[in-house]
Structure formats: structure tokens, C-alpha cells
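Below: one structure, written as C-alpha cells.
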């Protein structure tokens, strides 16, 4: 039986970031990739590096991760398409605009610089937004990446440092053993589950699949310059029970526009749901009317791994499992790309009993214990 | 703006098979609508044939005969409709585009006949992206749409019965066809030629092409390995040809190169119809695996014009709950012809080494053969290289990769099947507002023509 | 003589017989249709709406398949070179 210091199950952006971080320590790393590298949420998602303030713990983790992205940026290959384009939170009405100074002040407390934009400044920054929007908040340090290429880079780094990749699926992962669908069994001191929304390996985890739709256009360079998000986005992301859409658009390095977003529970199939797609695109066209004539190439769906408190699970699985070899890095909802570098660092700090850069208490999987026996809220 | 139009039978594709299906179904008293992406009906084989516009005095072209009968049948033909979404629950959405405007129409149907035809297969080789390199059917379509080729020196290469037909067409248009090069060896072509004896019409057609082409060299067992750009511009000046042992250079202005046909099965797949190999699975009555959905012509197998028309008739009748054993028997015979075609024009293994490391395979995203080869399947390669992610949605590089690398294209099909303006995806399905069909703009109505 | 019409291709007035597709007009005018992602000039390949190599800006709208559009008097075509 092949033996490792650590086995990472899942080769999305989080799993590959963890694999790289562990390989950097000189550990013997094995990665169970499931067949396709970065094939699930990492492939389906938008790829934003964005600071979010849904809760203080979310803000702390995204701000920390953003700083790590800035360090990474210089090393990323061109294929990673890293663009420090910044995010503009768009205010449509007075209710939205009230949030702007508060958000500005809150971000400042976490060391994140932001600029408040007037209606005129917003129109100047993004001429294709509809008229009548009343302002916004620019977060210059936010960026976007092409996640599958980043995951691939992380894995290549890990492999260069000796990590081994198994293009197979894990059928079980517990007590220092991972069984593959090929029949092979691998052993390790530690196992990390970085399996996104596909968490059959640890049924005790209260993670739900939260479906999203996306659409991408042909190339229209310069049509959009920043990542744009409506200030109502957090309301959409926050709601746990209702299907919701929000205006969110990214200018990809190719000149293509990636358009989101939608959130749904209870819809488990990958098929496009025309009604959700229509609502999502209507929302986008409402904010940016001239989108309507742009050529759309593709639409697709993906699944976010959502926890009840909307924070990820990073750390030992103790409390959820009596298996001391089991660690978790999952449940990132829509922030897996942003938070991957931070999560990898925090996890490794916990494994090596180092002091983490930020307080990890809000992300510890053990907090889910209370949720386990309860019906999902 | 969107409109909602209902029919008993919706036919998608107005090539010979679709026209035949629509005609028969309408003659049976069903309300039939036929949609086509192009401005004119006729599909690729009858594309922009001038005979259709100016029917000659004595015997009219089969296309005109078919269209006359279609118009008489009462079926409604709507052209310039790009079907980008459809559901087995009974609707298809199409974008109606003109030079200045576009709107979405929803077509509700009881039964659906897919007659989506085939496209050319392209194989990448060094220089195939140069302006001046066309598909074989591609160059024919462009000349029929007004591209003057008179005085041009043209090489026609690749594989399939289309090579001779197109070469003859180009000669008739005033071009000098310098060479017609068929990759298949004579050994394999001979049984195909022999099978034509059982299909006299086809033989006469072939002989007519050869007569027109007396000046051109017709070679079998050779193919193009490289297209050469003129030194001072980005246009074609010559090609390198090979017969597997010897390589030589031939100057030319244009190259027409295509490797037979690939069935258009995307719409069938979106609807959930089962495939058999590369083709849509149908029974003797052209029924697919989905109740109420039929498929005719090339998506079910490349068997030529006559077979496509007969399949269309069978499906049209089947929609009315009828069948004729005679037709069914005749289609069976055509399937033998299809097998012969498949054998005769099978791609030779040497063509797998056509692309070099730096040859672009995905023309939309400029992805090289080397970049694709680094992965072991479509999904990984798509995610990491963007191949197949451009506007053609893998219609060109997909079949090429299947031949070169053995990659089965991923089957998950989603709307839009073709790129469409975003608003086509955002506009709601039209409610049941009853729009009178004869008020729709762009209709090629039957009534005025009778 | 067939009827002709005039359209603007990259600012140049081009006269073509009516019934000419925009793709054919671009070929007549010896204009590459577009620059590819890495900057290579490209022209129509399939002629039947499949390959999208013939995309150009027609009447101000980008990414139109010129092989599927027919020339109209006063039309403007830009190839974004």
C-alpha cells in the first residue's frame, strides 16, 4: 500500500492549493483528483478574488486571502489570466447608497482601501451601465482569475515538489486510508477532504448544493472594465431559502464577459433552468441594457458547497468524526476561488501547530456539530 | 420581442429531407412549419442553385419541383431561423435575424422532425488557416453566394463524392481546377464505383462531372500536407501534396479541402435523443428514442440525396400515422449504398499525422495540436486550453479531435446551440398569444405561389 | 447584367451584384474577415454558417456570420483589423 504524509481528496482550486502548501513543507503529498482536474465548482465558477463583508469572519478570511493572491500574482502563469481589475459595487437606489459609506468604513478597518464613486464617476468608470444609477464603491485590490488554470498551476507546483496525482475517485476516505474506484488503497497520516459540494465521503457534514447559472459572451474588449456587482448581491447571497439572482459581471482577459449570478437550493440536476437563466440575464440587462445585443456563446450551471452559516469548514474534522486523521477544507459557497490560498495556509498552520495569520475559530468544522442533528434551517 | 407559433408538425431544416417530410405531412392534412437557418431553402446540396430562381422551360430542377410541391402542400416555410433551443416538452426557440434586427420566436409542436443535415469535416494541416483555404462544400457555397472564381487556379482535395461535383461546379464558374485529389485509394473506391452500377442516376452524374473536368488531373490516394503562403502576404500561393511516398508542390490561388461529412446531431442531443455511434438512432419509421421526435437525412447516416428524401417522406407519413412498405424497402437498399460510401471514403491513418506540433486545431481560440495533446480528453483540454470554447462551439475542432486523438466530444448540450444575442436567452417564452402565422414577417408563404 | 448594389467595407465603397453574400463581398474586396486570437488574418472556411471564421462587424454589430447575411445597399461592414 502506497503511503503518504498527506492525501488530498479533490483537485479543485482548494484541494490543489492545499496540496501545493503541503508540498512546500516537504511533505509527501498524494492528490486524488477524481479524473478531471478542477472539474467541478472550480471549472464552473466565476473566478473572482473579492473581499466580501457578509460577516466579520468572511471579511477577515477574504481580506487575508486577497493579500495572498497579491503575492501569488507575480508567479502565476499567463494562462491564469489574473487581472487586478477591481470590483465596483453598484448602487441602484438610495437604499443601496446608504450601504456605501458603511462598507467603505468597514473595509478600512480591515486594511482594504476603497473609493466611493458618485453617479458621474460610476458612469465614467463604466459607460455601459445604465443611466440613473446613483453611485458605487470601487475596491481596487480585487481581481479575477481563470480558476482551472490556477488549480493546474498549484498542482504542477506540488508535482514539481514530488506530489503524486491519482486520476481516480475516492470511494472512502477515513482512518488514514483512501480507497479508490480503481481498487487501489492509499495510506496517509492525514486526509484532507476538499470535495466541494460532493461530500458523500463525510455524510455528517451539513453541506448543501447551491446551484448557480452563468453565461458567457463572445469577445468585446473594453465593454466592461471592472468586475461589477450590484449592492443587492449580498442580500441574494445571504438568503438561505429562496431562489435569487443578482447582477454580477466580469471582464475576462479574453474580452469575453462572464455574467452571473443565480442561487438555488433543492435543484440537484445540472441542466439549465430557462426561468432562472432568464431572470439572471434580465437582471444583468436591467443594469447594462446594451448587453442585450451581445453574442452569447454558452450557458452552464455549477454547484456551490453551502454551509448553514455561510462560512467554510477549515480544520480538523474532530467533532464531526472520531477519525483523528481527517481534515476538511470545504463549504466555501461562492468564495472558493478567493479563499483557496487563505484556507490552504490556515489548514497547514493548524496541522503544524503554528499560529494562524487570522483567528480560525469561525471556520472550525466542529461548529457544525450542533447543526448535524438538526433539520436544515 | 417574441412570438408564439403552434403547429402539428415542426420540421427543422429545409434541405431535401426536411422539404420532403414537411410536404408529405402537410399533404396529410397536418399543420406543418419548416424552419431553416439560411435565407433560401434547399439545404447545402441545393444551396443557392440558380435553377431554383429561374425555372427552365422544359424540365425543372428537382429542387424547384420539390419546392413547388412544398408550397402547394400548405406547409409554412420560415427561413433565417436559427434554432438555438428546443425541448421534448414541445417547443423550439429560434432567432429570426435580418441585417438590421432580430427577434425570438417560440414554435410549439405536437411532433418534431429533425432534418438538420451535415457539415464538412475539416482536418487541420499546416497552413489550413490561411485565407484562400476553404472547405470543398464551403467554396461551392461561397461561389453560389456570389464569390467569382473565374480565372482562379483551384486545387480540390480531401475525400468524398463532393470533390468531383464541386470541381465540376468550379469549372463551370470559369475557374481552372488544377487538381482533384482524393485521399482514398483506388482499391477502396473501386467497389464504390461498382455499386454505382446499381444506382444508374449516380453513375450518369459522376460521368458528367468527369467530362467537365477533362483538363484537371484526378488522383486517388493523395492528399494535401501543407498550404504555403505567398512570401509577401497572408494568402495562399501553393500546396504540398503527397501520395505517402513522394511529396510535391503545386501552385494554386485557392484550395478547397474537406474530409467528407459530419452529421449535425447537436439539436437531437439537446432534446435527449439517443445516438448510435455518431448518428441519431432511429427505427424504420425514422422515430428517435424520444416519443414524437423523428430524425431524417444525414443526422441518421450519410446515405445520399435519395435516401434523405425517402426518409423525409417516411417521417412525414409517420407523423400522420401512416407508412408505405415500398418506401421502407427502398430505404433499406440505400443503406447498402451508405455502407459502401463509408468504406470507400474512410479516412486513411496517415492523415492523423497531418497536424504538426504548432498547427492550430481550434481556429476560434487558436489552440495548437501540441497544447491539446497534453491532455487526455475533451473536458481537461477544454478547461485548460479553451479548445472548443469559441463561437463554433467545437463544431470544427470536435470532429477533428475525434479523428486525431480519439476524443469523444462531451455530450452535455445546452442552449444556446448557436451563439445568439443575450436577449434571446433572457426574453420569456412567449405566452399563448395567438399570432396568425401568415402575419409573420419573412414568411415564404405557399399561397402566393400557387 | 445583374443589378448591383453598393456597400461600405472598411470605409471603402464596394459594388456587388445583388444576391451576393457579405462573405462573398469581403472576398471580392480582398479583405481578411478578422484577426484571430493570436493575430492571424482569417477568412471564411465553411461557407455555411458553421465555422464562424467569417465573423465581422455588420451595421455596427460585432460577430455576425457574414456567410449567412446578404449584401444590402448602404450596409457597412468592418473587419476590426
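By letter and in written order, the chains are A, B and C; residue numbering begins at 1 in each of them.
The rule is short, and it goes like this: a contact is a pair of C-beta atoms (placed from the backbone, for glycine too) under 8 Å apart; a residue touches a chain by one contact, two chains touch by 3 or more.
Please read these numbers as outputs of a predicted model, since none were measured by experiment.
Peer 1: If you average all the Cα positions, which chain's own average lands nearest?
Peer 2: Answer for the innermost chain: B.
Peer 1: Hey, which pair has more contacts between C-betas, A-B or A-C?
Peer 2: The comparison resolves to A-B.
Peer 1: Approximately how many whole Å separate the CA-defined centres of chain B and chain C?
Peer 2: 22
Peer 1: Calculate how many whole Å lie between the centre of chain A and the centre of chain B, each centre taken as the average of the chain's C-alpha atoms.
Peer 2: 42
Peer 1: Which whole number of Å gives the spacing of the CA centres of chain A and chain C?
Peer 2: A distance of 42 Å separates the two centres.
Peer 1: Please set out, as single numbers or ranges, the residues of chain B touching at least two other chains.
Peer 2: 390-391, 419 - these are the residues of chain B that touch more than one other chain.
Peer 1: Quick check: what residues of chain A touch more than one other chain, meaning two or more?
Peer 2: 218, 254, 293-295 - these are the residues of chain A that touch more than one other chain.
Peer 1: Check each residue of chain C and list the ones that touch at least two other chains.
Peer 2: 37, 63
Peer 1: Which bits of chain B are touching chain A when the two form their complex?
Peer 2: 85, 377, 379-380, 383-384, 386, 389-391, 393, 412, 414-416, 419-429
Peer 1: Spell out the residues on chain A that touch chain B in their complex, using ranges where they run on.
Peer 2: On the chain A side, the touching residues are 36-39, 43, 79, 148-149, 152, 215, 217-218, 254, 259, 270-272, 274, 277-278, 281-282, 284-285, 291-300.
Peer 1: Enumerate the contact residues on chain A facing chain C in the complex.
Peer 2: Going by the criterion above, the answer is residues 218-220, 254, 293-295.
Peer 1: Any idea which chain C residues touch chain B in the complex?
Peer 2: 16-17, 19-21, 23-25, 27-28, 32-33, 36-38, 40-53, 55, 58-59, 63, 67-70, 72, 75
Peer 1: Provide the residue numbers of chain C that touch chain A in the complex, in ascending order.
Peer 2: 37, 61-63
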